[in-house]
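The structures considered in this document are given below.
Here chain A shows up in two complexes: once beside chain B, once beside chain C.
Moving on to the complex of A and B:
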């Protein structure tokens, strides 16, 4: 039971990350391949503040949000004017830098030894984990409501027009650079928040949590669910994480000698599913967004 | 002074895999206009093919390099026909193509893990001899790798800049219709480029970690820096890829000598973001 709650809480983290990627890529057209960088920065920042410098959880969380927002804003100023592939490479490079610094800066992060233990911000006995799950559920629902509202708002229409033709939107007097930077900063900071909340969930942080597979898992989920649909992120994570990680990895009866291969088989299937979706249904399972501007196939 | 001497020497010795990977990668990137992360698997499979011929079939160490490189080229062509050509035909945009290439990369990498396991595979290598001159040393394998890389680089260079092949690729990359009107067969050129790229990637895998072992993640570990080098050098420039790889190798060696190797990566990655920003994001 405890493991199940841990798993579905972790699933909520992935849903949140995929929702934020939907805003960044599905709506704004920013291909953020540095998700694990922002998420990991948030997680390690809370860990360092909490364990090394004895901050209690809430102040650590607030400082972390500020830090990630600051970093995202700085990176955004450098890269948001670049063309898509360049942004993709730059964000991927950013996440690699975060992972490397976590290993090298041992005085801060304990390096490969690992950093811990990060306790839950409250102690409610046996109810601690379920309560924590509820907090994350509230956050995810909150992000979803924000997305739904964004899709039908004037700002949403402007965002879609930036994605489809930024020059045109700019020529109509909209400050497209500012809008992109603000939304990028906000969404990346929220990725950092999800990372910060993942810290007590994982309790013990090691650098091998910051592998690019985290980024790709989020991308695969969003592409599978439908990057432009407001519910694509949720459905995508339910299919990938829910089906593969929760059901197959935890509950499928597998002989112990094959058990070590299950994660590799999962990653193989992730790749195969992603290829199949992009080849045969490039808009994902849900396809178009019900609301907002529609983009014609190229 | 010793720092400069040592970093130049070590840098050149260790840059071999990167030089090959970047030269092959940049050709494919230039022709099709998207970052092909599945190229990393050409590197990995090159090493595994060499290990297969060496360990399973008992080929001599140097002899197993040849079929390994050819098979890596064939694999690269196969991924083109199975995945990328249909996608390019449908006009899928570059970001989606990159995601597709990551999917292909996952399939190939973890397919390999399912097939042969995740452990390192060690190659029967010839006995190691150590040479030293002017106060710096290298093993016989490192020197052989360097010579082989020089041969491959010279050949690739010759094909691209002296046979007119480079012109053909440039024509096709910039204006497909015009290239076809002037009698270029786009099919043949694409196959050649993907094959040459795959061969270079496979050789890069063989020479990685000079040489000794094959690991499923070796391609992924090299691909990001390969992409960086190609972009900084100017996409499509085989010459530039050669020069920038060597510079990157020397920089890595210099930082490693005075500090930790991981800082070298941090510096390379940060300067990469800086270069992108400075250029305003124009890749080609």
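Moving on to the complex of A and C:
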């Protein structure tokens, strides 16, 4: 039971990351391949503040949010004017730098030895983990409501216009760089928040948590679910993380003698589903929300 | 004096395309002609501030706009209709028209009905995605959207490109109508010299990024155009 709660709480973290990537890439067209960098920065920032400098959790969380926002804003100023592929490389490089700093700056992060223990911000006995799950659920629902609102708002239309043709949007009187920078900063800071909240979940932080496969898992989920659809992130993570990692890997009722085959079988099925979806629904399972689905402009 | 361009040079990165361009546009239809690659698009993009000015100045209604970012221009009465990619394909026709959002709601509604009156074909397609419009409809939409800004000047980059001759006639008729009924200044870059000359007041001919000729449309000698094209 404890493992199940831990797993679905972790799944919520991935849903949150995929939702934020939906805003960045699906809506704005910013290919952020540095997700693990923002998430990891948030996680380690809370860890360092909490363990090394004895900050209690909430102040550490607030400082972390500010730190990640600041870093994202600085990075955004550098990269948001670049072409797509350059942005992709730059964000990927950013996450590699974060991972590298965590290893080399031992005085701060304990390096490869690892940093811990980070406790939950409250102690409710056996209810601690379920309560923590609820907090993350609230955040994810909050982000989803924000996305739904964004899709039908004037700001949403403006965002889609920037993705379609930024130059044209600028010549229609929109400060497109500013809008992109603000949304990039906000969404990256929220990725940092999810990282910060992952710290007590993991309790003990090591640099090998900051691998690019975190970024790729979020990307695969979003592309699979439908990057342009408001619910694509949620559905995508349900399929990748929920169905494959959780259900098949941990809860599929198989006889013990076949259990060793499950991971391979899972990978095989995972690959097959991915290929099938990309072949038959290249815009993801949910496709994209057509203009008709959006409300009339006010 | 409306638009005043003085000693303008511009281009892409280190490449200079336009050199020492000087002219001014009054309240008129000002046509920019030139062969492929002469620099018409580069000129209009520079005026719309989408390309940086390398040297020289651009003045609009007495205000220097040389170093102004592009998004400052619509509120100053300038609209730009690019040659390519001039609609948002993933937005509906109605959304494309209202995206500028310079006007308050009542005047926007009023303006929208004027645009629909000018281009009735857009009415039935108002909910359709702009990406699925035909070339001609897309061009109408782009012109309509420029009008939604209630501009004092519109920079048109080759509106006739890819349209049937019959439709070009209609479109140019509309442009003339906009000019005459709404007193909008028009800067029109065109390949189609014959059509453009029918409605032009003055003509600027570009050749390899330099001014080849600048004169009244009435005095215009087509042979001089040939010279410019055959360099």
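The rule is simple: the second predicted complex is superposed on the first by the 260 of 298 C-alpha atoms of A that agree within 3 Å, B and C clash if a C-alpha of one lies under 4 Å from a C-alpha of the other, contacts with A are read in each partner's own complex, and residues count from 1 in each chain.
One rule holds for everything that comes next: a residue touches a chain if its C-beta (ideal position, glycine included) is under 8 Å from a C-beta of that chain, and two chains touch if they have at least 3 such contacts.
Owing to the predicted nature of the structure, the values given are computational and were not obtained by experimental measurement.
Student: With both structures placed on chain A, which of the two partners, chain B or chain C, ends up touching more residues of chain A?
Tutor: The larger set of chain A residues in touch belongs to B.
Student: Is A:79 in contact with chain B, with chain C, with both, or with neither (first, second, both, neither)?
Tutor: Only chain B; A:79 stays clear of chain C.
Student: Quick one: classify A:158 as touching chain B (first), chain C (second), both or neither.
Tutor: Only chain C; A:158 stays clear of chain B.
Student: Tell me which partner A:167 touches in the superposition: chain B (first), chain C (second), both or neither.
Tutor: Touch status of A:167: second partner only.
Student: On the A-aligned overlay, A:147 touches which partner chain: chain B = first, chain C = second, or both, or neither?
Tutor: A:147: touches no partner chain.
Student: Go through the superposed model and pick first if A:115 touches only chain B, second if only chain C, both, or neither.
Tutor: neither
Student: Where does A:11 make contact in the superposed view: on chain B (first), on chain C (second), on both, or on neither?
Tutor: A:11 sits against neither chain B nor chain C.
Student: Would you tell me the residues on chain A in contact with chain B in one complex that are also in contact with chain C in the other?
Tutor: In chain A, residues 297-298 are touched by chain B and also by chain C.
Student: Residues of chain A touching chain B in their complex?
Tutor: Spelled out, the residues of chain A in touch with chain B are 25, 31, 75, 78-79, 81-90, 92-94, 96-97, 100-101, 103-104, 212, 216, 219-220, 223, 261, 264-265, 267-268, 270-275, 278-279, 282, 297-298.
Student: For chain C, which residues are in contact with chain A within the complex?
Tutor: 48-50, 69-75, 80, 82, 85-92, 94-95, 98-102, 105, 127, 129, 145, 149
Student: Inside the complex, what are the residues of chain B that reach chain A?
Tutor: So the residues of chain B touching chain A come out as 34-35, 83, 86-87, 91-96, 98-100, 102-111, 113-114, 118, 220, 224, 227-228, 231, 260, 262-263, 265-266, 269-270, 272-274, 276-277, 280-283.
Student: Touching residues of chain A toward chain C in the complex: what are they?
Tutor: Its residues touching chain C are 154, 157-158, 160-161, 163-165, 167-176, 290-292, 294, 296-298.
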